[in-house]
Amino acid sequence: MSRITLDELNQADASGFVTALGDIFEHAPWVAQAVLAMRPFPTLAGLFDAMKAAVLAVGIDQRLALIKQHPDLADKAARAGQLTAESMAEQSSIGFDRLSEAEYATFHHLNNAYRAKFGIPFIVCVRRHMKDSILRQYELRLQNDTASEHAAALDEIFRIAALRLDQRVSAPDRLKVNGRLSTHVLDTSLGRPARDVAIELVEVARSGDARLIKRAVTNADGRTDQPLIAERPIPIGSYELRFNIGDYFARQGVAVVAGTFFDVVPVRFVVAEPEAEYHVPLLMTPWSYSTYRGS
Amino acid sequence: MSRITLDELNQADASGFVTALGDIFEHAPWVAQAVLAMRPFPTLAGLFDAMKAAVLAVGIDQRLALIKQHPDLADKAARAGQLTAESMAEQSSIGFDRLSEAEYATFHHLNNAYRAKFGIPFIVCVRRHMKDSILRQYELRLQNDTASEHAAALDEIFRIAALRLDQRVSAPDRLKVNGRLSTHVLDTSLGRPARDVAIELVEVARSGDARLIKRAVTNADGRTDQPLIAERPIPIGSYELRFNIGDYFARQGVAVVAGTFFDVVPVRFVVAEPEAEYHVPLLMTPWSYSTYRGS
Amino acid sequence: MSRITLDELNQADASGFVTALGDIFEHAPWVAQAVLAMRPFPTLAGLFDAMKAAVLAVGIDQRLALIKQHPDLADKAARAGQLTAESMAEQSSIGFDRLSEAEYATFHHLNNAYRAKFGIPFIVCVRRHMKDSILRQYELRLQNDTASEHAAALDEIFRIAALRLDQRVSAPDRLKVNGRLSTHVLDTSLGRPARDVAIELVEVARSGDARLIKRAVTNADGRTDQPLIAERPIPIGSYELRFNIGDYFARQGVAVVAGTFFDVVPVRFVVAEPEAEYHVPLLMTPWSYSTYRGS
Amino acid sequence: MSRITLDELNQADASGFVTALGDIFEHAPWVAQAVLAMRPFPTLAGLFDAMKAAVLAVGIDQRLALIKQHPDLADKAARAGQLTAESMAEQSSIGFDRLSEAEYATFHHLNNAYRAKFGIPFIVCVRRHMKDSILRQYELRLQNDTASEHAAALDEIFRIAALRLDQRVSAPDRLKVNGRLSTHVLDTSLGRPARDVAIELVEVARSGDARLIKRAVTNADGRTDQPLIAERPIPIGSYELRFNIGDYFARQGVAVVAGTFFDVVPVRFVVAEPEAEYHVPLLMTPWSYSTYRGS
């Protein structure tokens, strides 16, 4: 669905407003309906808070109904056609559209175990996760009691809704739903930014599997033109930045005979807060480097 | 063959001396014979130089014969039983006893191409190499002219002989045939050596394959009790040291909830000089680290 | 004199224009007069280039006259009342209004030696220098021939004029006459910017004398609210940044008994390019730090 | 007094033994006498422990008498001739033989205040201190009660005695009375130790005064041939190591025109434990450096 401005939403007729925001909460246009009369909303945060309050204001039965309208995660049958467009896109973003049969079976088993214990589908805001961290979520949350899990499901629903709303509506403000990953390469043997250093960003699964997410090259300021990750949460998990400094130093004429001491520098780190800013610089010479979580 | 002291060699009868050193040069006990009368040798370096001089003193036909007595590298037929014990051990050290059929075929092809061009077997001191760097040797050396390659073959023979001699004979001095790889882990957030950090040393092939060479744990001084590699040349190639600092910092009570920012720190570097000392320390905090070629 | 906009200059009458820019070149309103008809100037750089071209277009006698209208540096008699307001401010900025008698004598002697050799006053853009580097300028330039020095004098006059023009006129563009010195303090033991670190910036003379230039405190981002030096050239010379990290770490509860390992961290560096950006960060823990010329 | 071996002490006659060790405790040969019969001592630590036990075994009056036999610190009158040779040497080592009149007056005043409150002279093991830290000792200890101060005085007497004994007697073991300060300079732009870097070690007083303690130059391994401080406690206080890396890099051909970014790198640090090992390396390039408390 295309983006709409907050102004347009404030001025839309009732039907237009509800159509535009009817799927922010899964199968629950009544949430949009409930905040219709509170317009105009000066900020997106105000609109979101109102929708959240509307959900919290209804009786427990209606809230439970909202929870239960969510699909199972990585459910093969559901994929055949019952998913909303939003859910489909979200689940695909994490690779749930291309699982192996064994993985589908694992999720099927976990979903059933969860539903058997708590009476609701397992809900998680998948854009904040890698596959490993989703599996860890099942593990942790299956240990909770039912009340905690009903609350947890609602928290995840709010996260999903906030992400959908932030992507749908252009407004003067943003919801705090996105993280940012950036880097900076400095050649401290020359005292200046390192230009044209090729960088790969890779997701590292617990199994050791690595999946390339992005390639980039540093510019004259030693940065990438675009952040490595932006405008979305950074999925919880392990990453590796791979800096090809061997080629860089070879171009500077360092050690052309025997090659350089470092070739590709891997910097492996863990993202625990998907909405945070992660700045991971590399200060390097042909014979040394350092890295740190910067700001 | 068991080690012998330089003193014993100096006092041995002729037969004992030649028996002890007859296989330092492949199928060439005449080299030991040639230096017999020059005893006593006060140093191992003196003995080696004398043997080397003896090889260089003979006519070109005899030198060529010496060269030709070397087996083909990674030759499947040869492995069936014609290799000297020394050659067998050397080739096994680099994994040539467990190649795939495709790899045997590659080496067979390269050996034939080399022999066709230069009229001698391809000789290389395998203990100084990984498989990748051996293949690179073929590639480079196939571009030479015959005179250069005869000289190169002799150089490699001297390297092989020096390594064999240094391992065979205990003496007050050592030949410069061994390298050394060591590390040191410092916790700069506490200003002291990091104890009980688990370290893995891995060989990284050009194909991306990683082969574990050694596991070690740092002691109270932040070092490993033994160097990671010592008493042998360090094979030319790419390595990765993997420092498990996540576990270390978790034991210090850092970030027990969300985990640490770094978990396993991979430090990948290239060894180009097998006889050199490589000291690769890690200075680290929970949020930063640096590494360098130290001394 | 108060600032004026480029627009106002473009629309001023002839007399207003010449009055506003008459002292950009010392005692030489004719330069402003010469560019009057070329208005409007879309950029400040265009205006400056035109004035520079006007100086280069006149005969050598008039250029020499322009050179000779400059006062001697640090001339005690001149200070009694003959200096232009601009010259007075410039010379005061470097402390030439508070020299010792011995220093006045030194400059007097150097000025005379220079004038005797080249027939012109010694001209230098003082805002780009510390006292030490001015003395070094005399030393170097006294070795030149007359033609080089006439050219050097003109270069300095253009530097002086560019600085005066950039300060006098508000325009969409700026002349490249200013440098910038900034810092950034990161606590790599916590992985975040270090807040409330007191910093002193000190000029260090060759004699060892240190003169405090600025005090600042880091904000929540580990930076100072304002750059340490900006909107002016950074005088050529040695500086020391003094970071009071002892107090910072004491506030974090580090080592309250015996004190911290580092107390005040001095970072001493040399500025050679007054118009450049110098970013000098400090990455630190209670037991380690690193610094570098950043970007 | 010249050194003597533990063996010689074990075999000496009673008079020889007591003469050799009679001044280990100030004016108290009875301590040596008391341990005479316990010979032979296999270790120096054993001998020292025995002497310490002998002091603790006597009645409180005799212990108080021992305390009272110590001279006032920095006492001008005492210096005229009543100090033991040992006390004279110790007090001179810290500069108490060259105080200003004002400083003598300060100490005189503090000594009197201390004696008035506690009835004993102020005793401190001066070799463990700089002047600043001695003054800090008065300040802290004047706040104690009498019992604590009698114990503190005895502790200091044991420290003094241990140092005297360790210097007097050669033995297979050493008492833990000495610290060690060392450095190591690595050129991480070249990946090797930095040779011929001139280093100054300076004591920095709270007043800002700096006193040169030692000059040294790095050798081929980037270390100084001798530790900067060894075979004595490191006086408590602030130090600055000044590494002349500008000259070093200029010799490597770095930045011969405008000079290097760093010239003299000052590393200022605080010693709180006189008996500890302080290793303070410098890892540097022409544009960056880092330092830390190493091991």
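Of note:
Order as written gives the chain letters A, B, C and D; numbering starts at 1 within each chain.
In this section, contacts are C-beta pairs under 8 Å (C-beta built on N, C-alpha and C of every residue); 3 or more make two chains touch, one makes a residue touch a chain.
Owing to the predicted nature of the structure, the values given are computational and were not obtained by experimental measurement.
More than half of the contact pairs at A-D come back, by residue number, in B-C, the repeat among B-C, C-D or A-C. The chain pair with more C-beta contacts between its two chains, of A-B and B-D, is A-B. Distance between chain B and chain D, defined via averaged C-alpha coordinates, is recorded as 48 Å.
Residues of chain A found to touch two or more other chains are 188, 191-192, 261, 283, 285, 287-288, 290, 292-293. Those residues of chain A lying in contact with chain C across their complex are 186, 188, 191-193, 221-222, 283, 290, 292-295. Interface residues of chain D, counted against chain A in their complex, comprise 188-192, 261, 283, 285-288, 290. Contact residues on chain C toward chain D in their complex (touch as defined above): 238, 240, 246, 258-266, 268-270, 272-273, 283, 285, 287-293.
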